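This report concerns only the one structure given below.
To keep things simple, chains are lettered A, B, C, D and E as they appear, and every chain counts its residues starting from 1.
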Amino acid sequence: RRQKDTEEVSGITIGLLVSTPSNDFMRALQDGAEAAAREHGAQLYVETAYNLEIQLSQVRSVLARGVDALVIWPYDGDAVASVIEEANEQNVPVFTFDVKAKGCDVTGQISTDNHMIGETAAHTMAGFLYQKNGAYQGKIALLSGPFRMTSHQDRVEAFMQVMETEYPEIQILVQKRMEGSEKVIDVVSTWAGMYGGQLDGIYCASDYLTASVLTALRQKNQLFPVGDPDHLILLGTDAFPAVVEAIRENLVDGVVAQNAVQIGREAMEAAWEYLEEGQLPEKQRYIPLMVITTENIDSEEVKEFGIWSDEYRKEAKDGE
Amino acid sequence: MVNRKEIRRKSRRYSCLVLPPLVIALILSFMSEYFLTPVNLGNLLLQMTSTAIAAMGITFIMIAGEYDLSCAAVLAFTAVLSASLAVRSPFGAVLGIPFALALGAGIGFLNGWLISKFSIPSLVVTLAAMKIWRGVALWLTGGRTVSGLPEVYCFPGCARLFGVVPVSLIILAVLYIAGQLMLSRTRYGYEIYAVGRDAEAATLSGLGVKKIRRNVYIVGGILYAIAGLLMAGRVGAALPAAADSMEFTAMSAAIIGGCALGGGRGSLVGTFLGVLTMSLLDNGADLLQLSYYWISIVQGVIILAALVIKTQGVQKRQKQTESLHSDRVK
Amino acid sequence: MVNRKEIRRKSRRYSCLVLPPLVIALILSFMSEYFLTPVNLGNLLLQMTSTAIAAMGITFIMIAGEYDLSCAAVLAFTAVLSASLAVRSPFGAVLGIPFALALGAGIGFLNGWLISKFSIPSLVVTLAAMKIWRGVALWLTGGRTVSGLPEVYCFPGCARLFGVVPVSLIILAVLYIAGQLMLSRTRYGYEIYAVGRDAEAATLSGLGVKKIRRNVYIVGGILYAIAGLLMAGRVGAALPAAADSMEFTAMSAAIIGGCALGGGRGSLVGTFLGVLTMSLLDNGADLLQLSYYWISIVQGVIILAALVIKTQGVQKRQKQTESLHSDRVK
Amino acid sequence: MPAKTYIETSSEKMKEILRMFGISCRGTGGMLLDRLSFTLGSGEILGILGSPSEERRAIGRVLTGQIQPEDGTLYIHEQPEAFPDVRTAQEKRIFHISPDSRLMNHMDLAENLCLIRPSSLVPHSERVWVKRKNIHLLCEEYLEECGVEADPYAYPDEYSRGEQYTFLVMKAMMCGAETVVLDSIGQPFLHAVMEHRDLIEHMRKAEGAMILIDSHIEELMYRCDRIYTFREGRMSGSLFRDEYSRSLLMEMML
Amino acid sequence: MPAKTYIETSSEKMKEILRMFGISCRGTGGMLLDRLSFTLGSGEILGILGSPSEERRAIGRVLTGQIQPEDGTLYIHEQPEAFPDVRTAQEKRIFHISPDSRLMNHMDLAENLCLIRPSSLVPHSERVWVKRKNIHLLCEEYLEECGVEADPYAYPDEYSRGEQYTFLVMKAMMCGAETVVLDSIGQPFLHAVMEHRDLIEHMRKAEGAMILIDSHIEELMYRCDRIYTFREGRMSGSLFRDEYSRSLLMEMML
């Protein structure tokens, strides 16, 4: 569908395997990678999968056609090992991005440091709670994606650990893993009723969850601006367009942003670099992260870091 | 001069249907103090609207003796397509809702037409329809969520009348009451039951069996479209992958609610109770922080239990009256 | 002295089955130069093993006139449970495979027993089973993938004989040949077809209809377990959410391969061709970089087309011989 | 034995309701009907006598479109008509009651009689909304008029098969039937139905007609104004009431 | 009319194969069988004559366990036996052929006759693997022996219904039937089956017996060694071949 026969053919083909673009983050990852490939004039095989079995078969058929490198967003971090081993056997370098693959050897892994995201989120959340309650105490809830997303797993683990060791007064009332975003609304509605005023904040390990939480609160008429005594602290991850907008509208406290476009771009760059140089300076490449809050959203600092959703939107508009 | 036997018959039947949600509700009200709060009960009702309306469509179809696996796919497809229309222009926003309804009706008609025209089993036709419409929904959107829906379009799903009563609940109530009235008080209802109970006898009595079957698919399609609209309105976005495996949830609810696979049995009251059972389980999982996996298990067990109890009852009765007659007169 | 008419009958039937995969293969070989490479064809076969074996189970069950929606859930459950056993100890690794098979057989028996004991429609029983076993699989693992499987356990799924021929392909071939021989050459096969074609006549002929039906579920369960083992071995991990909606894929393959919903029709050769059709579509999507949504649509259309053509043929033949007789003699 | 085949077109005193002319149709077992012709007059009870295992039931089925003939014409009130399906047959006031006909056991008698009809024949007041009181009254009235004792609130399976056939005949009449075909329902059931004198009177008064298809000579002899004998797909003879004799009918039938 | 009820236990020359004693069973329509008793001797063709619409078919169904009686005993070779299901009845060599019985149209004749049997009755060589040549030869042999003309490779639906019943009887005999019940299959079909003299001879030679249940007096009179008349759930009389007369049977039956 998206075979990019670029103007200047470098003779290098790269397989890009991503998830279906069911949300903006996924699309931004893909766009970043594609843009980088375009700049280098590499030929791309792009495959999108909506479940594990499909991704496995895609990897195999891409390998069968012969590529110089594979850039993969693993659908299930635990279960892609088998195909990555196959690629390794065929001496095709594999670069995973965003989600880590476990139990196998990859040439490069490009992502934000998800442990760091979790830790940063914990400290940020604690800061918000301090602002609200005057002490490092309060009750929060935690939403994350399913187990197969190792990135979410790492974030949640780190978050919990920091909370436990450094902020014993902060209580995690409830934690839930959700596959899709439809059910989030129901769950948040139930929590809102159940914990009522008790709940001080919600941390979402990804912003597709944050966006649904916003919808739920809006429907319940419980969406108050930051600073309002009834305001429920919301801390997101990734910086989705809807969430960035909400921060600008003063409805969400903050987000631990990572630059999706950059992750995609860097992954492709890493592959390119490896193919050119024959090696990478380090196997694990981390993309910087940044906490964006209502206060710093319009600062120079943030502009410098870049809000991917803005870039991506611009690109999308240009594309049209 | 209403028949006493009939009253007894009906009360026994309904007590069987009321029991599961009642028991679960009782357990929940003991185990969680939040369960009986108005907020939670409100949430519970709101959460079940889409499923309840889709299950209503399935009920019509099952009473007429057919199946429908395409329910969830049609729901997602109509929602996604009409939402795409709605976000394009203010004009589209107004047209979105009638367009969705027409689309649902059209797809329902197509299903019904294929089934009656070629006498293909409905299970296969709707299996194919499921694959096709889900595929088209994903293909048209490229798998992307359609968001930024205009307010007019979201109105049925998220607005509240006087800021209190959710419009979707009103729609749910109106549809169920109208549907139940139609099934039990109009000639069409009698005909649907007759076709489901004994299609051959109905044909020989001069009923237009094929037409009636086609019509229930149209009704079903419209109801799926409404369910899709409400879901899109509530979520504030139309997802091409929405309502994943809702066909099973809706069918399970209808079965728990007394629909028989052979047709001719079931009611909307029963289906509502079935959906309520499923929703109570979901709500219970949220309240008690149980994992969803548990719920799936409990649902399965309830379906089995409902059917075992029902068939046990039937078998007992049949044994009393078993004879040569039974298989002749039918 | 083999009947000529029969040969003609059979050749017509098979040509109908061979056509879809052949046409797709032809198109693909024109549109992609990679399609006919040995590596790609090898991949194609390897990818279809699990589905093919699950579809084989479904075929047995459908020939006997029943349904099975629990296929994918049983596959995932047996894989996850036996994999958990296998990773615990070296002893468990050896036991893992027989344990999975026994588990599959047990679940199949349970399904069959419920269906025949309480005369509940198989669709409902297996719907409940689907919910229950998928739920149990997710609950036991907490939704987590079981990875780090020992080599012994993965052997059937990932090993290659002499480093060339995949063991899983050998298993597939052996099972299909044995199954087809059983269906067409043994008394059990004749009985399964008889039960599916006309259960009443079979009962009056003294066949143990209930037992035969129970047995196909056991066979089905074992086959699902094998499919699960192969899948786990190939992926190197057992996923509780594995084989999502494979029940539909397998059923579609069986239907394309000539199984009828009423029972008594179908063959493993046909089912294999059906699975091949599905796999070719998948492979084509990979090769031509089509989106998977397209495939879903094409699958739906093929299912419909297969059935429309089949029933058209039947209707034409029936018209020729329509009479009072037809509905009496049956 | 040469069959007497004097088929007349119409007797003086009665109007022709229905005529089948030269009807042929074929089944797997060979010819079912072979250029079959007969006429039915108003107010008449017509017997068709065929021995067991003759495909007598094809006659009723062709008449109500359950099988389509290969050849022949159907005249209703001397107008040629297309062979209809069951529904349009009923709309043309032809009702066929055979062993396959049955009432719905999940509805009570009144509902069965008043609602399970082609839509154009449902009482005007019940076209959309069903007023249960209404139909029970209607049914009760009719039951009384026809001299059939039954409770409109009862379910059909509370009655014997013979009574169920009676209800089916009554339903046909409530729908304004002109022709009622009682097709091979078996001698005892036929007997049970025909014992309701008022019902038969009612039909005669409404200028309706009945066709009784059976293999039982006496049953038909006692009840019919005219008897056709049916053999090998055609009418092998026709007798009026005053010409009947057991042996003659037997001879014509076999 | 008082029924003659002299039921004897066994005649001198023949062995008792089967005896039903005091069998009662009930249906929705009332009593089906009311303390019914009768005896079947080896080599005998026994007629049971019941008028149409008597529930004659209950007899065959009780005998093969399709309905369970409330009371009474079944003796096989003078041993009391539990009332079996169809399969065990066949294993006890009792075969029931009724209008519901049929061959499978998707299998050829040989497969139908040799394979569609209770597992214990399948020829030993075909228990697991089916050798098609084998069964076709076996079938051909048997067809010849019984004087039935048919092609073992043909499908059942290529033959008339009467021939299909003949095949069913032949299948019973191939399975080693001792008692074959031909239950209300209709006079013409009964006639078609019984016309195969070799088949009947074969059965007599094997000391088997047949029960013909029908309503046709002549059919039974010509063929049976003994006739019971069946009325209102019991045997209303019994006559030996030399005692038959049409009027007597008619009287006992009605």
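In the analysis below, contacts are C-beta pairs under 8 Å (C-beta built on N, C-alpha and C of every residue); 3 or more make two chains touch, one makes a residue touch a chain.
Molecules present, by chain and UniProt name: B, C = ABC transporter permease; D, E = ATP-binding cassette domain-containing protein.
On a predicted model such as this, the values are computed, not experimentally measured, just so you know.
Visitor: Quick check on the contact network: minimum steps from subunit A to subunit D?
Guide: 2
Visitor: Contact counts by the stated rule: is the higher one at C-E or A-B?
Guide: Output for the comparison: C-E.
Visitor: Using CA atom averages as chain centres, what separation in Å is found between subunit B and subunit C?
Guide: Going by mean C-alpha positions, subunit B sits 30 Å from subunit C.
Visitor: Measure off the straight-line distance from the CA centroid of subunit C to the CA centroid of subunit D, and report it in whole Å.
Guide: 52
Visitor: Compute the distance, rounded to whole Å, between the mean C-alpha positions of subunit A and subunit C.
Guide: Taking the average C-alpha coordinate of subunit A and of subunit C, the gap between them is 38 Å.
Visitor: Taking each chain's centre as the mean of its CA atoms, how far is subunit B from subunit D in angstrom?
Guide: Chain centroid spacing, subunit B to subunit D, equals 43 Å.
Visitor: If you look at subunit A, which of its residues touch at least two other chains?
Guide: Answer for subunit A, listing residues that touch two or more other chains: 20, 48, 50.
Visitor: On subunit E, where are the residues touching two or more other chains?
Guide: 28-29, 157, 161
Visitor: For subunit C, give me the residues that contact two or more of the other chains.
Guide: 142-143, 291-292, 325, 329
Visitor: Across the complex, what residues on subunit C touch subunit B?
Guide: It is residues 67, 114, 118-121, 123-125, 127-132, 134-136, 138-139, 142-143, 245, 248, 251-252, 255, 261-262, 291-301, 303-304, 307-308, 311-312, 315 of subunit C that touch subunit B.
Visitor: Once bound in the complex, which stretches of subunit A touch subunit C?
Guide: 1-3, 20, 45-54, 56-58, 60-65, 76, 78-79, 81-82, 85, 102-103, 146-148, 177
Visitor: Over in the complex, which subunit A residues touch subunit B? Could you list them?
Guide: 20-23, 27, 48, 50, 174, 176, 180-182, 185-187, 189-194, 196, 212, 215, 218-219, 221, 242
Visitor: Quick check: in the complex, which residue numbers of subunit C touch subunit A?
Guide: Subunit C reaches subunit A through residues 34, 37, 39-40, 43, 46-47, 142-145, 147-148, 158, 231, 234-237, 239, 241-244, 282-283, 286-287, 289-292.
Visitor: Which of the residues in subunit C end up touching subunit E in this complex?
Guide: 1-3, 6, 185-191, 193-194, 197-198, 200-208, 264, 325, 329-330
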